[in-house]
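Order as written gives the chain letters A, B, C, D and E; numbering starts at 1 within each chain.
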Amino acid sequence: MLQLDNIAVRFGGLNVLTDVNFAMETGEVVGLVGPNGAGKTTLFNVISGLVRPVSGRVVFDGRDMLRAPLYQRARAGLGRTFQIPQPMHELTVRENLRVAQRFGRGRVDEARIDEILDFLKLRPKAQADAASGLALSELKALEVGKALATEPKLLLLDEVLAGLETHGKRLFMQTLLALRERFGIGILIIEHDIETISNLCQRVCVLDFGKVIADGTPQAVFEDPQVIKSYTGGAAHA
Amino acid sequence: MKPIAPVAVLAAAYLLVPLLLGGNAYLMTLLVSALIIAGIALAWALLGNLGGMVSFGHAAFFGVGAYTSALLSMQAGLPVLLAIPLGGLGAALAAVAVLPALRLSGPYFALAILAYAHIFRILATELKSLTGGSAGILGIPGLPTLGGLELGSRNGQYLLVLTVVLAFIALYRAIWRSDYGLALRAMHDSEDATRVVGVNSTLLKAAMLFVSAFMTGTIGALNAHVINFLDPDYAFSGAWTIVPIAAAIFGGYRTLGGPLLGAIAVYLLDQLLFKALFPSGHQIILGVLLGAMILLSPNGLLPWISRRLQRRPATEVRHAAA
Amino acid sequence: MLEVNRVRAGYGAINVLWDLSLTIREGEVTAIIGPNGAGKTTLLRAIMGLIPLSQGDIALHGDSLAGRQTWSIARHGISLIPEGRLVFRDMTVEDNLTMGAFPNSRRAGVAHNLARVYELFPRLAERRRQLAGALSGGEAQMVAIGRGLMAEPSVLLVDEPSLGLAPVMVQEIFGILERLKAEGRTIVLVEQNTHLALSLADHVHLMQAGRLLLSEPAPRVDLQRLHDLYFAR
Amino acid sequence: MTELILQSLYSGLLVGGAYALIALGLALVFGTMKIINLAHGELVLLAAYVAYTAESQFGLNPLASIPFALVIVCASAVLVYLLVSRIRVNRELNSLILTFGLGIILTNAVLIVWSANIRSTSSAWLQDAVVLGPLFSMRSEVVFFVLSLALAGGLWWWLSRSWYGRAVRAVSSNRDAAKLMGIDPVRTELVSFVVAGVLASVAGVAIYSSSVIQPALGHALTIKAFIITVLAGIGSMPGVLLGAVLLGVTESLTVTLASSALQELAGMVLFLLVLFVMPNGLFGGARRRG
Amino acid sequence: MHSTASHPRATRLRTLALAVALALGSFAAQAEEFVVGSQIPLTGSLARVGNGMLEGIKVAVEVFNARNTGNTIRLEVIDDESVPAKAVAAVEKLAADKVVALSGGYGSNLIGPASEAAEKAGLTYVTSGGVSDELTRRGLKHFFRINNNAGYAKAMAGLFEEMKLSSVAIVYSTKDATEGLAKAVAADLEAHGIKVTLHAFDPAITDFKPIINKVRLQDRAEGIAMVGYENDYVGILRAAKVLKPSSVKAVVGVWSLATAQMAQEFPELMPQVYGTAMLPFPVEFKSEAGRQFATAYERLYHKEPDYLGQFGYVQSMLLFEAIDRAAKNGTLAKGGLSEELRRTDAETIIGQVTFDANGDNPHFSHRMGQHQNGKVALVWPDAEATAPKQFPGVPW
């Protein structure tokens, strides 16, 4: 489904990602974790096309995507959300989904939009101004909704839960779990909350200093002393 | 009241104005000039609103359109009414040269396109065999008579330019309301967000550049057949940029009607009032208007008026919440 | 000396700090730890006036800082060594350091303080003429700390000094913080690396989701419990 | 031919010195605030007219009128800043339109006050020839070239040595970090506008002394200054000097080798080429390092 | 809506105002006052020359009305801002205001469309502000011009031929009027076996040293002909003064150069420079008509008349006299003004004026002046000369 080979990214002499190798199967749900500055969002940007790596290969659905512009990747089935929600300004919630559907998928299907709106509990806000009429949790939902409207095969979710209150977080998590069930698409999610990750993902990948330091089931990964060290710096349980 | 208003405005524009003012050639000339400005202002606003690009060089397209149409009608002998839209196409063709500038943002784009206006002006001066050089072209054929309607008369010119401007508003509105329009508007503050949902933003922006250039070129062509005269300094004059910008900003460049309203207001005020107040340098008022609008009501007059008219509690609440 | 009282703050629609209160005591190293997104950096930014408070108050020596401009707070004696360093990339190392002494009252001591910073970071003395943008991450962190010290602050806020640094460099930076602590400075240290933070701190606050989860003197902190809270087990 | 080209290079160099004076102020403000002051050329023009008034009314040598120009132009620059700083939304573009409007106001104010007549110095001393072997120039060109170098040097010193100059760079490099140093960015930006006003003052007097002024000139000066800023790369002050000389030499070589009718065209084409091929400018490369 | 228009009292007031206006109008007609319009650039790029011409037109009104012919002239002026569309609008407004004729216009670019608008309205249009040959090639019935390109070229080339120079470098601006004139002079000189080199320059350039250096080193021309505007002359002369091309024996320009203003503002640059001039400075008129003009001008503007005022005066006087004649023989109301004007054959302060079928003045030939000791002396043609030319002579 998705395969990254030897991805390296440098920003002005700083190695943000070094030799990242990573692969995902269709329908898999994988968590991407790591301390601040580990390069998680940069990796998302490499996959979705916002950042061009200095070396490496990005293969999605059997196609080499390294040189493909953003919109082509979206049309090929890569959906993503932004850590800080980026609703399309000046447009209503419904129009946001419409644009995503029209351009990401190629045609408009109102029924499908309604389905997504219902699913994300955004129906009452369908006509609201996306830039100013939504609460944070709704903005986060809209982020996911836009990505869903493009009918992705793989969804990249960047901290969709951050900044939500405990209750909102729980609700949203349920939504995400349902997402996997309902649409059967693969999810790669960046999330700091370890409880969430453990509940949501079959597999967790840990980045530190731009390198993959662990990859496996949540249990195995969070027991890994190296991971605990990278998180807390100490010789945790050792 | 709502559905009646546009019909009433249209009726007034098409019937009342020629009936009441038609006898006054001077006023009709002013109105035609104001509509010419409105056409450019509209094209400028379209590029700004949908393409997210501020241009300081729309004179480039105006001039190319004017020259194309004048030469096609005079040298190739094409009928004027055919030459005019071809003038628009000529300007759109010239926009191909401007495509590399799409990569530039903000002030870079604004001033790069100004450089194009200068380059086109110099080319028009230097390509003497084609354009007649700085001497320009005199005696450009006027508008023809069509089905008994003398388009070349002041009233005819008024009706034709009005129709073209209204058609452009309709085109603008159609794009605005289409999915492409949605995507273009969405691109403004969050271009990445639209690109990751599959929008080919570069292509759409290029398309808006072409549409805007076409509109401006068509207006330039119309003007050439109204004034019957062209020279490089006139065709590529900075005035074709400055006055429409002032008009669009004044009327509200984010609305469909703003540029038209602004152009008529600014041009008529300027010619009938400011000119009398400041015999020399009355453009100073344009500068003051521009500055005051940006500082006091960046969205222009029309949104300000409509806010005043429909001061419903609901809007107040929403503004307070925002 | 620094009181944070029921502060609520965030970025536009996103609220991060939820009625947070804590006290920083003079002469102590206070560590604020917690997972990503807990609001630690936001707290420091709120103290410096870089983001407005939507509720609550922050006071230094009893003077309210709420509503004051960042530069005025900086002149008041609080230095923030920001996350990600934020050095002036196209200025030399020495110019970067010098800008730390920008407030009028500090300019007289600039030579003396420069000498002190170079003594603390000999590596910077070697690179004084280099552009800060060309430095390695660790060196840039040194510049940021040195720059903060140039203002002779009464409170030094240090945000994630270990972030993105190689372990050797982290050790070196913490060695410096150790020395500053020994000089009796008031330091607030925000750190994800609990182990490092605990080794330095007099007092520890654990934050999660914009709230204070735990606040106790460093010696009383139980690492196991801390990690349980941290990993939400 | 050699003599022609030598003279052409020399003329271009001297013209470049004057161009640099015009462009430095624009580049400084652009570097600090990321704002293009489209009224900059009009500020330069204002200084030129102050010099004209001083010479024609009080018989002052243009060089002696610089202090008066300073007062008037710096006050105008402060006014421009105060207006620009009131813009809250979409600052980059709204400031462009606002300063464009201010330029129109200034141009017409100059027209109303000084009329459309062309003006230039009548000082014989400034117009005398200075001959260096095969190279010829007017004294005013040499005087202002030297002054231009001195001011560029002074600006460089100010930006790299003085407290406020370095604060200007700090604010432009990282506004938040600068605030953390106790720097008030508003005051710093105001200072940079005043310094731009100083540069504009001298530039205006230079233009009055070596060529002919008229009210519509301001706009053309702004365009020249912007072209040079683009050639230089944002924020590169030595680049401005080199970019200005490059433009001056390109123009004069076009006249010598091709036709003077194409001089403006050459400048515009150079501008677009650099913009498209090297968006960071010819001399901005060093800054991108690191 | 608070409209007062439908209020009965307001309506009555309007009716009254209308009646008064009509009464005044008919009263004016009885006094034989004719309104002449003037569409002229008072702002914009041609503001300076437009204002100069307007001064002359106003002097003509003054002088004509003082003659007590029984008819008087009132002037209605509209600024066209140097913009063609506004020039057309101005003509249309004047036509709507029922002017009997138009005197004014500056710049061939403005006169072209404006005079076409006047033609449509059947209004006589007389000017001296545009020298382009194109203007009189259009075959308009109501268009008249007292000067033309040929007259300038004749004077400039005539002077060079008299000097017997072997080569001349023509430095000209790529503007319309300048380019046409430069080409005409070049053709004339070449016809007389004089070697000509042409140097076109963009109106925006300010440093002329590279051009003059070409003249100095490549052309080695004996004469420099400058075809441009004041700012260009200043630039060219400064460059020449710096480079001192040794082969050059004379520097000759055209309009706006041999003037009092240039002598006063640029005393260093002007010595021995030639330019077209109708009058010497200080002014000395030989004829009564000339003295009359100068006195009136002095009274109105407290300065010596310049060439712009002179042309504006002559074109207007010829027009007013034609109006007077047409009014008296009753053809004015029947549109006979243009025919009347075409019958003009007058000796004026710019020489003899008649009009051909296209409205051009075939007699027009300019005179050349030279800056001599802070004054301007007429030096060509010999018949009009007030002093011998100082030749060879250059400002350096």
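Rule of thumb we're sticking to: contacts are C-beta pairs under 8 Å (C-beta built on N, C-alpha and C of every residue); 3 or more make two chains touch, one makes a residue touch a chain.
In this text, all values refer to a predicted model and were calculated from it rather than measured experimentally.
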Next on the checklist: With a step meaning a move to a chain it touches, how many steps does the shortest path from subunit C to subunit E take?
Outcome noted: 2
Checklist entry - Greatest Cα-centroid separation from subunit A: which chain? => result E
Checklist entry - Which of the two pairs, B-E or D-E, is linked by more C-beta contacts? => result D-E
Checklist outcome for this item: subunit D to subunit E, mean C-alpha position gap in Å, rounds to 37
Item to check | Chain centre separation (subunit B, subunit D; CA means) in Å | outcome: 32
Checklist entry - Taking each chain's centre as the mean of its CA atoms, how far is subunit C from subunit D in angstrom? => result 42
Item to check | Sequence positions of subunit B contacting 2 or more other chains | outcome: 122, 125-126, 280-282
Item to check | Contacts with 2+ other chains: residues of subunit E | outcome: 43, 47, 174, 202
Checklist entry - What are the residue numbers in subunit C that touch two or more other chains? => result 133-134
Checklist entry - So in the complex, which bits of subunit B are touching subunit E? => result 24-26, 28-30, 33, 36, 122, 125-126, 133-136, 138-139, 154, 223, 226-229, 231, 233-234, 237, 239, 271, 275, 279-282
Checklist entry - Taking the complex as given, what residues does subunit E use to touch subunit D? => result 43, 45, 47-48, 174, 199-202, 204-207, 209-211, 213-214, 217-218, 229-231, 234-235, 238, 241-244, 265-269
Checklist entry - Quick one: in the complex, what on subunit C touches subunit A? => result 10-11, 13-16, 35-37, 83-84, 133-134, 137, 160, 162-164, 166, 191-198, 209, 223-224, 227, 230-232
Next on the checklist: Touching residues of subunit D toward subunit E in the complex: what are they?
Outcome noted: 3-4, 7-8, 11, 15, 111, 115-120, 122, 124, 127, 129, 136-138, 211-212, 214, 216, 220, 251-252, 255-256, 259-265
Next on the checklist: Under the definition above, what is the set of subunit E residues touching subunit B in their complex?
Outcome noted: 42-43, 47, 79, 83-86, 88-89, 92-93, 95-96, 108-109, 112-113, 116, 121, 132, 134-135, 138, 174-176, 179-180, 202
